[in-house]
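Chain lettering (A, B, C and D) follows the sequence in which the chains are written, and residue indices restart at 1 in each chain.
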Amino acid sequence: MKKPDPQIEKRIRDSFARQKLMAAYGAEITDIGHGYMEISVAPQDFLLRTSGIFHGGVLAAMADTAAGYAAGTIHTNDASFLTVEFKISFLNPAQGNRLVTRARLLKGGRTLTIAQADLYSIDEDLEKQVATAIVTLIKAN
Amino acid sequence: MKKPDPQIEKRIRDSFARQKLMAAYGAEITDIGHGYMEISVAPQDFLLRTSGIFHGGVLAAMADTAAGYAAGTIHTNDASFLTVEFKISFLNPAQGNRLVTRARLLKGGRTLTIAQADLYSIDEDLEKQVATAIVTLIKAN
Amino acid sequence: MKKPDPQIEKRIRDSFARQKLMAAYGAEITDIGHGYMEISVAPQDFLLRTSGIFHGGVLAAMADTAAGYAAGTIHTNDASFLTVEFKISFLNPAQGNRLVTRARLLKGGRTLTIAQADLYSIDEDLEKQVATAIVTLIKAN
Amino acid sequence: MKKPDPQIEKRIRDSFARQKLMAAYGAEITDIGHGYMEISVAPQDFLLRTSGIFHGGVLAAMADTAAGYAAGTIHTNDASFLTVEFKISFLNPAQGNRLVTRARLLKGGRTLTIAQADLYSIDEDLEKQVATAIVTLIKAN
């Protein structure tokens, strides 16, 4: 995977550090590429449903966030992206000691970007896909 | 709007009170009907994007939660619902002193339930729709 | 419902008449309003699944088409719209002697339009909702 | 790719041959695997928008159909599948001398199946992705 320009990477890490929802969730960037963003989070009591799996709204927030930053990795200027819509499908219960979200671009257009975010739970070393989301974003000049 | 059976309403209020994500958000039930659920939340720093509007992931969590409980209002037994997938479209910036989510059922089937959740921001007395979500749920035993 | 400008209505009827997929289906415009479009189609053998209900792909084409024209009703210039994405949920089997699709705008923005298309089957005089779609469109200058 | 059981392949080819919408479109099966279905179609006047690209409703019908049959490839009994909902995102104009739809399963559960269908246009030997769809299906009887 191609690494993003160092300035782009710095801009994205700085922006992520300012996102209070991600900070409250304890989420962190675990990889960045050109057109790629991976963020991870560990379970915390308030992120889980009463059944002990991650709340779907948490998965949605992770998918939306990763997709937005993946869009940003291919733009040198200080572009920011607004989510137009996304759909998330839940494939398996999101259980485990780590939830990893990997977003990559399906289309990086002048106005619109479309990204797919795949979410995995990791237990011991076993990785299982728990959800997938398709996200439409618009560049906010 | 028809009110739900008192026992159903009690079961839903008890369940909602146990949802730690909703508690962390400071969300509360503001109306329940037969096939209807309204939940509301006030802005808190960690629920907002750096631009001051509610994070899309928060709207998604509210929509998902309201839809799940709306599904529960028409079942007398202790049915619980799992979200299969949802799509959320963002219509306007979610700014204001209150975010209200209203979910109603489009289909309440034996196995699958489909709900629509409309989200509104309220500023002073002005209500503006900020998002809409269509949610598919499956009854878990 | 507010009627569209007569010139807009003429432009839309002319454009619809050129759509060969709609002609092949035997679909016709049954109502136009400002931000509203209704198109209808009768069953034909090739539009049905082997079980006798309308094929989901036919419902999708009707929803997509109605949404695109609903977007066009609020623009005086010769704007055309491209569909960015849509989601369609199937609520009931689409059986009957007529399938009616009603699209209205949820957001009519400068760049993006979001519409909801509700589909109904009509049997005798009984109308039943069979599907709903949320459609994102972009204006192609 | 693992081939499906010959009896399953026969059942699917027979069922596809009875689909009148696919016949009207001139669509054909170009590959079948275990959990995989590829169908292709050539341009015909009535499948195209006035701009000469495939109508979005045609892409949607191809995606829906391929996903349903992909679900069928992993079941030995005469299972049929109903589409619960799908979302399709359009990535590039669907131009070319062939439209190929490839569906594979993201989840093959007891009740629900989730498939992703990727659509490509082929011009000369150049293949370009034009759309992607995520489809939820439910097993009927």
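Here, a residue touches a chain if its C-beta (ideal position, glycine included) is under 8 Å from a C-beta of that chain, and two chains touch if they have at least 3 such contacts.
Being a predicted model, the structure only gives us computed values, none of them experimental.
Distance between Cα centroids is largest for the pairing of subunit D with B. Residue numbering at the subunit A/subunit B interface overlaps substantially, since over half of the positions present are found in both copies. Spacing of subunit B relative to subunit C, judged by their CA centroids, is 29 angstrom. Computed from the mean C-alpha positions, the centre of subunit A lies at a distance of 23 Å from the centre of subunit B. Each chain gets one centre point, the mean of its Cα atoms, and the points for subunit A and subunit C are 34 Å apart.
Touching two or more other chains at once are residues 84-85, 87, 89, 114, 134, 136 of subunit B.
Those residues of subunit A that touch subunit B in the shared complex are 15, 18-21, 23-24, 45-50, 55-58, 60-62, 64-65, 82-90. Note for the complex: subunit D touches subunit A at residues 87, 89, 91-92, 106-107, 114, 116, 129, 132, 134, 136. Subunit D contributes residues 84-85, 87, 111-112, 114, 134, 136, 138 to its touches with subunit B in the complex.
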